[in-house]
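As written, the chains take the letters A, B and C, and residue 1 is the first residue of each chain.
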């Protein structure tokens, strides 16, 4: 795995501005806080009558979803349109790759069409990195999920939601519950929570759904909800990635729900003011009891709202970083 | 079936403004006339060089088509874009419902993304009502066709076309011909024609394609074209909803055409200045003779043009009603 | 085949302005040069921060792709959006033609929705002509590829690329290499090169991939690369239209590559400053060696960039021609 400095140099300009958004790993707390502050201003804007600003007017954003996800695509599409960008949605699987064109040729072609930003979702870990480092470094690349590696905009919308409800990360105990093994979301959340100084990060899962050496990421490992949820301020449930589980790693959905599903009963272990999060779409009765998902402590819909704001934030920041770089290179 | 007052309270603000557009039923003549007047102003605008006004600028319209219809989707998409809205087209069948998410969760998620309007087409009668009443009452819901129940924008574009060509409804005899049984269009047309004071409304169909107790809607029933078309001012042909007819309710297409297809010969029964309407797409040689569809009395393409204008009218009126409600609730 | 005057009257206004863009055939050099000059100005604009001008603001462009092509569709979509038009993408195969509607009815319906321009791609030669001449003469029709007949915007972006790199056509030897028989691109390129006064136009292909009587188009025919490439200034490689070759007209891809694939070795026959073109998507190792496609003489990505500019040029010119005609007809 590349070192922190390596990631820095890909994602940041020499002045330390964002130019791609690929992973939380290697970004310092100041930059994460800048993303959250920028996103907060877009949350305010979305309450206005006209939810649109001309920050990306005349720019073209290409959504390259090699792995389908209507919901994530919609949030990026809305974020881009509310920044006044032109949007091109490309369903890559049915596109020119079927005519034998290589991925690199497709990307170089879109760059030649003066696309200014690629939002990339891919089943292979490292796909967005590869594009940003080796194919189109002068096009802003936003990682919308790559394999088991990272889903950094999801993690940042979670951080924004936590900060809005709980304030200072240094006082918080946060538990992440479910299929940690297959979850790029969990990986990005852990990096973000650590960087922002969270007091205690826990993961709760059956042994079969835990990656080896997960403790090295600075988390405490629990296999029982009764112990893992004790006194936590924030509970983050993960989706059961049924489509990603090819082998029988867990006995059954009902068995999983019995042991790890978030019910009112299990919720009693956490602090009385604990908030409940889930990246959606929810499998009711599998990861979470319906009443809990819709209850007063659930902030699941706040996460959705914050998802648009966070995407607007990283899109506008990365574009701004790329523009400064391009201006410098043409001035030289 | 709910009472008129029930529908009123769902569709209208306390001040009587439109806030959803779900059905013609229960709306009074003054409101229908306001829709027609507003639509007329958009017809004028569409003759201008720049067919675009900023009424919905910064608003997001989500087209939720659970039942596919390229033509109807296109008209709502164009209407929204000409009002300067951002548009999100969601093909729901291939979307997160396939990941096990409930319809309610999908809608609450879109609401949390600050979508301001849902245009809903669904094979289940009452789907749009259900959403407007029980799921997202503060998002403007436009019914783009629900089961056999209603297709109110189609009915209003028909009313606009009739008014443009014939003026006062109180002087008119109107005949609706074809598959009344399966037609949500016919149902909405009958409500609109009655509310606007049409002198005489007739339906013409074989007995197998007539709903029971249709007379209770205030129409005269005919099973023969020679009698039903006599002296009418307006002839509205319906599409044969082949995809909706699961049982053998009619002998054959050619048999249907012989008895109920609108030919030059049958047209002679009507008034010499009678206009001919059809919601499209036309099955030439099944419901209507080609020469009649393209002839001087056909106003079928006027209906298409009016379809954009009527959709712009109800979209802008419902959005305006929702905005006033939201302002009042925040002032309290 | 229709005469030159016939094409003129379809594509041009009485004053000689473009009103449709269907084929290069029959257009005079002055008009082609006007297209290239207009496109050059859009190339400059695409270097600006805001790549958007309001030339088509309030206009609606409908992309009617009866034959799928993600890449070509994307270029037209981006061109229209950068001209500030509203864009409607219609996948016709899954649309109302499946409900039995005729092509003519679909087009008349879109015209009634006040679509101002149709971008048409169709597998039948002459489809765009037919529409412009017989169906919707008052809607600007742009041919985005019809059967084996023409692909005029591709040819014009090639001309723009040649002019940018080589200047005066009267001094140039140009070779077109590959599947001439199935290529609408080659046909349009030959017309454009001749009209612009190219000194020598060559085609290089195996006899099985050459149309009969191709010499009548004013080209020299070669079956060997060693002779055909000698001293040329421009090499235009064609795609192997595998999906269009139904019979075994060529032995194998590797055999084709050995004889006609553009390698460094074969490139040595051409002038040392010869440029290399390809319409894309590239089949590396079939038509062209990877190193040649990416080498210093390749202008393949310039072609992509010019593709947007040329489409913006013909779209804005054809719209302007239609508008003048409409104004004249309403003044009368």
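One rule holds in what follows: contacts are C-beta pairs under 8 Å (C-beta built on N, C-alpha and C of every residue); 3 or more make two chains touch, one makes a residue touch a chain.
Fair warning: this is a prediction, and the values are worked out from it, not measured in the lab.
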| item | value |
| --- | --- |
| Cα superposition of subunit B on its sequence copy subunit C - rotation in ° rounded to nearest 5 | 120 |
| Same-residue or different-residue interface between subunit A and subunit C, half as cut-off | different |
| Centre-to-centre distance between subunit C and subunit A (centres being mean Cα positions), rounded to whole Å | 41 |
| Sequence positions of subunit B contacting 2 or more other chains | none |
| Subunit C - residues contacting subunit A, complex | 46, 48-52, 68, 70-71, 74-75, 77-78, 81-82, 243, 280-284, 301-302, 304-305, 307-308 |
| Touching residues on subunit A, where the partner in the complex is subunit C | 57-60, 86, 88, 90-91, 94-96, 99-102, 105-106, 108-114, 323 |
